[in-house]
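Letters are used for the chains, namely A, B, C, D and E, taken in the order the chains are written, and counting of residues starts over at 1 for each.
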Amino acid sequence: MIKLAKNFVVGTWSLIKGLAVTIKYFFRPTVTLQYPTEKQPMSECYRGLVGLRPEKCIVCYQCVKICPTACLAITHKQEDKKKTLETFKYNMELCCFCGLCQQVCPTSAIIMTNIYEISVYDRKKLDINLLDMKKYDEWTNTTIK
Amino acid sequence: MLSILDIIWVLVIGIIVLGFIAVSAMFLIWWERKVSAHIQSRYGPMRVGWHGVLQSVADAVKLLLKENIVPAGADKLVWWLAPFIVVVPSVMAFVVIPFGKNLIVKDLNVGALYLMALSSVCVIGIFMAGWGSNNKYSLIGGMRSAAQIISYEIPLILSMIIVSMQASSLSMQKIVAAQAGYWNILHPNMALAFIVYIISATAEVNRVPFDIPEAESELVAGFHTEYSGMKFAMFFIGEYTNLFIISAIAATLFFGGWQGPVLPGAVWFLIKTYGIVFVLMWVRWTFPRLRVDQLMGFAWKVLTPVSFFNLAVTGWLLLK
Amino acid sequence: MRPDEISAAIRAKFPQVKEEAGTNYIIVPKESILEVSEYIKNPPLSFDNLHCITGIDRKEKIEVIYTLYSIGEHYGVTIKINLTSEDLNIASVSAIWKSANWLEREVYDLFGVIFSGHPDLRRILNPYDWQGYPLRKDYSNPQLIAKPRL
Amino acid sequence: MDATQTKDIYTEEFLINMGPQHPSTHGVLSLELTLDGETIVECTPHIGYLHRSMEKIAENRTYTQFIPFTDRLDYVASMNNNLGYVMVVEKLLKLEISERAKYIRVIIAELNRIASHLIAIGTFAQDLGAFATPLFYCFREREKIVEIFDQLCGNRLTYNYMRIGGVLTDFSRDIEEKIKKFIKYMRPKVDDYDWLLTYNAIFLARSKHIGVLSKEMAVNYSITGPNLRASGVKWDLRKDEPYLAYDKFEFDVPVGKNGDAWDRYKVRIEEIRQSLRIIEQAIEALPQGDVAVKVGRIHKPSPSETYFRTENPRGELGFYIVSDDSVYPYRLKIRSPSFSNLAVLPELVRGLKVADIVCVLGSFDILMGEIDR
Amino acid sequence: MVVIEKIPGAELIRKVPGGGFFLTTSESFLKWGKASSLWPMTFGLACCAIEMIATGAPRFDIDRFGAGVFRASPRQCDVMVVAGTICVKMNDCIRRLYAQMPEPKYVIALGNCAISGGIFYYDTYSVTKGTESLGIKVDVFIPGCPPRPENLLFGLMKLQEKIRREKDAAR
């Protein structure tokens, strides 16, 4: 009987403690980031979309070799020893944002931008030529009503 | 003989009650989302209207537009009727709820008995939903609900009887009047009755920690797994109206109903009711759910004996 | 006990058991897997924990590798069984270690090694009506597109 | 069918399919339950709905290229997977890494262990019906860890932080401060969980003496990690076969008494406390030096076979690598802890109620990404 | 405009002065309701599911957009967030779930795996190459591996915008 009463008291007390925790947080300020109006700054090493500085690229194919998902594809022109980029295909659908290409690039021609708002209606938009980086503008200046 | 005036009067009252139910259910849904959000350190609906007040309106509009799927193999009639049977008793319960001194649709002299009777009808709807859906999860949910609500009916009714004994009337207005100046909750035996009442009432409306008929983590959505669109919305409305009703009954039976100083009766009544609703929400967003056998055990082994004991004590106190 | 001591202890008991050169892996002929298992499960060796079973397709043969540990004694042993591609039958050890049940099913699913005496030898990861054994080197499937290599 | 048949009334068992899409199967597990009323007669798990053939992929990726894939293995504890994988490759290459890298790895692994256990606790509470609140509290705390990782390596979930021969980036002052702040922040939160869940009467009623896993059974089924320790076996690779710098830190190995669902939960709560202790010690004693040994990105180990296992939040994660003389592994076997942990489920739930199966499943903290690989 | 047109008497209303305006307003009102209350399905496949829960969690709080009601039953959902790798064994299940959802229904492909197979595109025998290869029309693609919660919220807002611009409120 005493044990039963003790159990009852301990049990009820534990329930009250639980209620205390929730009501405590009810009156605390929220931790929410109000996304479209507030945005948190991305860290320097944030791995967003892959970007390219075409002038720095020496067409060494290191990035293509290291990419685990084969999302990069390069073609180049050979003009007496000097290679110039022809296309630099980046297939966002396959990219795993691992950052290996950036780390392997000897001239830091490949950079990981901090663009992260990249939703699209059309899948074709995800396969792009990085020599034409203007396409990213659509995502960098995203504002939503 | 019903005169034309009476019919108009009934219609007006009906529209007012229905309007109140719709607004109240929507408000409660929004409020629950806000309360739960703030308990969880977030905001909840924010983007439609001021702090998302119109969220429930948007939900309602969307649910209206939804396709109404009838599962193949469903017991059509039963399946169609179920949501109505869940909603109608909760609407009917508004008849005897005293919002103020004269703000009552009809002060039946068997008001409390009427409420007890209505609270049992809801289970039939839920069970029909579970059976008619031709879905095993729904069936388990319906079965659980039937077992649960029937079990919790007994302590619920016993604790309501205690109040009626005190006021020596079943009329809701008389019960309120009996509490003038001294609320029932302040008597120790009434406080016990209140605790028993609020626990069983929570079980009656299938809320955490007694939400086993829905039991999202076990039964997907329980008895309304197969319902979509407006039918699902009706279950939702029924649930929140029931929540309002049980809180209103609790306020009437134990907290002096519409009585209170300065402010008008209806305001007091709503303050008390929504206070109890808030407590129920607070409980809901804190506790885990009980298991089905523990739930039954709790009803039969704890609540029922306690209420009988309480009944005996109250009877003795009254006869003393 | 050090790995070489364990290996020596087992070899002393079962002469047909060999040791892989350079490592302390134990090569057990497939006929004697059950008796060896029975022996090492119980004291004195008490390998109570069958940690992992895996297969390797060496093209001409399939190796089945059992990794065992002893929780109480803090040591481990690796047992290897060589199966020729013609005869992929092997006795199941799921009666001795319960954990072998799913692990053997997985090896069956991916390599096609048939564990006789297994209580429930079905595919586990792939759909039940799957054709072929994916982790074999010669497996091909129209779904499988090889990554372009430079 | 076992039916008690009388003249015109009889009962029969019925089948119910739980999953692959079910709120409490932690992903895409499918359980085929045979029920007698609410009592479970038989439970057959069907797995493989997330079988992504990691092992086949590994045969066509270089050793460095496979690191991002390990992130997706146990996606709640990516750092620990990274760690397990690079450790085995380092063992294969016989590579010794710097002291600082070891300490950083320990800190990171323990932080991720906390994050993983938080999800385990949250989802367990969710399965028991504490709708959303404990889960969201856990995610709120986890978010702090994720923010640290985000700043450290630039991604929120798939970190790709460990490298063969070290780690990707060094700790900055800022990150050290943040980790210290996090320890201070986290300690009272764990007490909150004790208040909210651990000793809650309903929680206790639901999880005590449910799914009791005995010591012998746990070892026989090769259960590892917190689930094994909950059964009373004091076995933790960090203590028993110390790798990295774990032998330099003081910490306890929490063990349970009964091996029931509550014990498994409680061990995790205690492990969060111990991990905080380890991080605190490690961040105080963080040595100076390089964080990565200079090795190329293409590795060509000599033909050999290596097995190594690390203590993951869910148990012992092992990698068995067979190398040949190419830059790709010949075969890579992932010994995932949850796979073995789940195998015991059918035996544990027999005779329990439907509500208990989610409780037992939740307490095992399985993760389909790792089971199916 | 179509749902209103279906109502008997819509033509009559149009003839009344201001009736056209009324119809347009109610049409946009319906779209507003639909867009502001997108209930997702509790349907996590793989890694992205964790980020989906994180989006629902306090820090990002998808409920601010009215999309926080994660319903476990497909009958009560509006949007299916395909969060993670789709494997061959899962194909039929996803198709069935999609079929079980009531109209109007929307699909968000969250993460590269759900778009195309992503990181698991090559060298794998058991991964389906994206949601679209199952014959399910995807409304919004959210690339990332996994996408940040902000990106999911951004995608959700894009979906809301799409709904508001729809021709047919009843779809």
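Keep in mind that, in the parts below, contacts are C-beta pairs under 8 Å (C-beta built on N, C-alpha and C of every residue); 3 or more make two chains touch, one makes a residue touch a chain.
Being a predicted model, the structure only gives us computed values, none of them experimental.
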Partner chains that chain A and chain B have in common: D, E
Centrality ranking, top chain (CA atoms only): D
Between C-E and A-D, the pair with more C-beta contacts: A-D
Chain whose mean Cα position lies farthest from chain B: C
Separation of chain B from chain E, taking each centre as the mean of its C-alpha atoms, in whole Å: 33
For chain B paired with chain D, centre-to-centre distance based on mean C-alpha positions, whole Å: 42
For chain A paired with chain C, centre-to-centre distance based on mean C-alpha positions, whole Å: 41
Of all residues in chain E, the ones touching two or more other chains: 57-59, 61, 64, 72, 89, 119, 121-127, 145, 148
Set of chain A residues in contact with two or more other chains: 15, 18, 21-22, 25, 30-32, 34, 68-70, 96-97
Per-residue overlap in chain C, given as positions that touch at least 2 other chains: 125-127, 134, 144, 146-148
Chain D residues within the chain A interface of the complex: 61, 64-69, 133, 137, 140, 143, 150-155, 158, 160, 168-169, 192, 195-197, 199-202, 204, 297
Residues of chain E touching chain B in the complex: 3, 29-30, 32-34, 36-37, 57-58, 61, 63-66, 68-69, 71-73, 75-76, 78, 100, 102-104, 169-170
Chain A - residues contacting chain B, complex: 15, 18-19, 21-23, 25-26, 28, 30-32, 34
Chain B residues within the chain E interface of the complex: 33, 37, 40-48, 52, 54-55, 57-62, 64-69, 216, 220-221, 224-229, 232
Chain C-facing residues of chain E, complex: 88-89, 121-127
